[in-house]
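Order as written gives the chain letters A, B, C and D; numbering starts at 1 within each chain.
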Amino acid sequence: MYPPGMTTVTVWNEYRHERENDEVREVYPDGIHAALANALEERGHDVRTATLDEPEHGLSEDALDATDVLVWWGHKAHDEVDDEVAARVQEHVLDGMGLLVLHSGHFSKVFKGLMGTTCDLKWRAVGERERLWVVNPSHPIVDGVSEYVELPQAEMYGEPFGIPEPDELVFTSWFEGGEVFRSGCCFYRGAGRIFYFRPGHETFPIYHRDDVLGVIDNAVSWAAPTHGATTTVGNVPDPIEPLE
Amino acid sequence: MYPPGMTTVTVWNEYRHERENDEVREVYPDGIHAALANALEERGHDVRTATLDEPEHGLSEDALDATDVLVWWGHKAHDEVDDEVAARVQEHVLDGMGLLVLHSGHFSKVFKGLMGTTCDLKWRAVGERERLWVVNPSHPIVDGVSEYVELPQAEMYGEPFGIPEPDELVFTSWFEGGEVFRSGCCFYRGAGRIFYFRPGHETFPIYHRDDVLGVIDNAVSWAAPTHGATTTVGNVPDPIEPLE
Amino acid sequence: MYPPGMTTVTVWNEYRHERENDEVREVYPDGIHAALANALEERGHDVRTATLDEPEHGLSEDALDATDVLVWWGHKAHDEVDDEVAARVQEHVLDGMGLLVLHSGHFSKVFKGLMGTTCDLKWRAVGERERLWVVNPSHPIVDGVSEYVELPQAEMYGEPFGIPEPDELVFTSWFEGGEVFRSGCCFYRGAGRIFYFRPGHETFPIYHRDDVLGVIDNAVSWAAPTHGATTTVGNVPDPIEPLE
Amino acid sequence: MYPPGMTTVTVWNEYRHERENDEVREVYPDGIHAALANALEERGHDVRTATLDEPEHGLSEDALDATDVLVWWGHKAHDEVDDEVAARVQEHVLDGMGLLVLHSGHFSKVFKGLMGTTCDLKWRAVGERERLWVVNPSHPIVDGVSEYVELPQAEMYGEPFGIPEPDELVFTSWFEGGEVFRSGCCFYRGAGRIFYFRPGHETFPIYHRDDVLGVIDNAVSWAAPTHGATTTVGNVPDPIEPLE
């Protein structure tokens, strides 16, 4: 029943920082998408990438039809994502495609559209320590994780995080500077599963860490579509039972 | 602490059916909004109304600022609601304004925007019996209700209902024709509370019933804003704790 | 990551009706446990059975240690289950063993202990039609199910069902006599997953139906333990961070 | 509709530390119950107290019948609470009595019985700084609270906290030593509302703080019973609808 076989993943990236900023390019020479794609391929997934500056941002109907799980990284160009493409992605998620939203993707059109809320938060970029505590140890997304994941240098995100109450809360972060944050959040929307995962940054080398990539790998498997029931909506003129 | 005093309610209505269709006008001669407004005034709320064909649909910033709880009825003209006004209503809900979405309002821009999902369902309009069972008997919204509310003639709405899992499920409907439906659903979004309540129709005189109006009265009180914590979002450059 | 390989299932049954009552014996000549065990074996699980009148009810520490998922059928002898054994089962569930509670098992010591609530409900045994509607079509438990499962003759269970709000609601039942019921309910408790599934009866041949057995098969796979994070509890005298 | 008028509160305390230990007596000379009772009385509630060494622990049927909200402090003598009294309290909660469980009460028979889980956690008693962040700013329990409550010296409680996913999560704690904890948790059980609130200690003077007492005051109002629907359970031999 469960998602056996290979999961087809599309890693989407704005891909701007890496081309415009030397410091970022040094950490992710081929872009954040390439780093994530390589890591997921090594872990057995079938991966392609897509970026903002491709036609339709690389997210055509065909591309999405061929995607089990979409991984989303965006940061400074959320507004440049076409409304129609954002709506298309949202529709595919509701039809069953999995979605992983990473770090600053909390402010993407796609995530805000699916949540219906502000998705706002506190932030501070001084490179402090973060410790992501597992608060739901039995969740498949934390398979193989220790009690916590510790990041020596991270951008702080703090509460209140403007999201609906997660359907499952997996991680809560502790920050050296004194804040906390719900940093691993599961949502069920339509036939799709969504995981928001906080870690990530364009200059701190967080997506080169085995523990972080292991969680992303697990989350891809968790979010992969499963078959469910066959249902219909719309007008059903004939009652099943005889009426009086 | 709790919402004592008077709650200020705005009842919003498309107000089309009642002007265009004799059968509807007979049931709601001054419009559905007038029937609901009178009922809520009699029950102690401070009520005004607004309709689609007023400037800004009667939902200017000032009007929403003065509203504790907005009641929404729409059916055949969802598309004519201006995107900007729909976004404004959504923002006010996230800032704390309560929202009651009635019957066919499940397909309004405002509700779909706040849910992030299709909000689709099955339907059949043959006038069959509906019984709304209370599944959360301790909820303040069902204060004074018996085990169920029975409607002799109703339009059927059937599962699957394309919404996020409600934060609290209060009613589930049984239909004579053989279907079931989650017909009273609470959602917390930002600082606002949302209640979706299924009963209502433009020709069945459902909003003249004391039991249905009693639930709507309770839901208005439940959705009225309460004071909460004072919080901030955005950049907080200085850590609370000293960093290493 | 997900539960591949074989799931080890223990089907537990009171096994009283079938030995004491001819009508029941005719439907389940070797007991309800045998019918369920055969069906789950045919569907690829590794199954053993246990019954009330065995020593320790067949649920010794060793037996539970060797069980991935426990299926529970009880009806008229809930009180005869030893408190210590019930507590042992509860502990194993919290440590990760899956649990399927069927039909009248809602009133078992094990289920009531895990829920903390009355688990009470309405009931009527006249053999009326039941239709279990899928309300969460994307859930793995309803893989392969149509929009609903229809049982021509069933005992009615009606709301209010005295349980905590399910973590995931999968089925809601319609009954010919006019009631509704949350009939497929998922709960996460500790490291364990629990599924309450309403269908079943000692004289209506419900566990000979392919659609019902298909759901039970799916639920076994869903409830099978997955690896999660490694965690500790208890006293941790040394702080991770230096204190002021 | 909402709980206007006076709420009747019973503050329950083990009342052992305060009589046996000079350090504790200095902080709470008349017992923790007296400190809490005075504070709640000053805030407009009608308060009585009860302690472990009274007959039936001061929690007779009559005493509970007269209680809207029970506040529970226990620490070192959980085992001395009579099973029958614990079951009685649990039953009253399911029938609608509110319950506030403070600090080490997480390990009381009453709380464990209502949760059905281990209720275990990490702990460290070295007097470090705790900061309780509001994660649900619109919740009535945090009315009047700032973004966080800061305690200069507290016992640490750390995740994983062995509870069911709270129905509403209000506070998450940051600890100086590096841990996090879900420190304000709402649960709906039967007709009753339960709030677990972490702050409190027998030697740190936490229940003399205005901010902590303000939250407890709010929580008492939130947990006070509201009228809901009238329902029945048990056998209903006659169907509402005619059967085929």
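Quick notes on this structure:
In the analysis below, a contact is a pair of C-beta atoms (placed from the backbone, for glycine too) under 8 Å apart; a residue touches a chain by one contact, two chains touch by 3 or more.
Here the structure is a predicted model, which means the values were calculated and not measured.
The chain with its CA mean position farthest from that of chain B is C. By residue number, the contact pairs of A-C overlap by more than half with those of exactly one pair in A-B, C-D or B-D, and this pair is B-D. Note: centroid distance chain A to chain B, computed from Cα atoms, is 31 Å. Chain C has its Cα centroid 36 Å from the Cα centroid of chain B. Multi-chain contact residues of chain C, defined as those touching 2 or more other chains: 131, 134, 136-137, 147, 158-160, 165, 167-168, 175-176, 178-179, 188, 190, 231-232, 240-241. Listed in rising order, the residues of chain A touching chain D in the complex are 131, 133-137, 147, 158-161, 165, 168-169, 172-175, 178-180, 182.
Put simply, chain D touches chain C in their complex at residues 90, 94, 113-118, 120-124, 126, 128-129, 156, 158-160, 162, 164-165, 167, 175-179, 187-190, 231-241, 243-244.
Against chain A, in their complex, chain C makes its touches with residues 1-4, 96, 131, 134, 136-140, 142-147, 167-168, 176, 188, 190-193, 218, 221-222, 225-232, 240-241.
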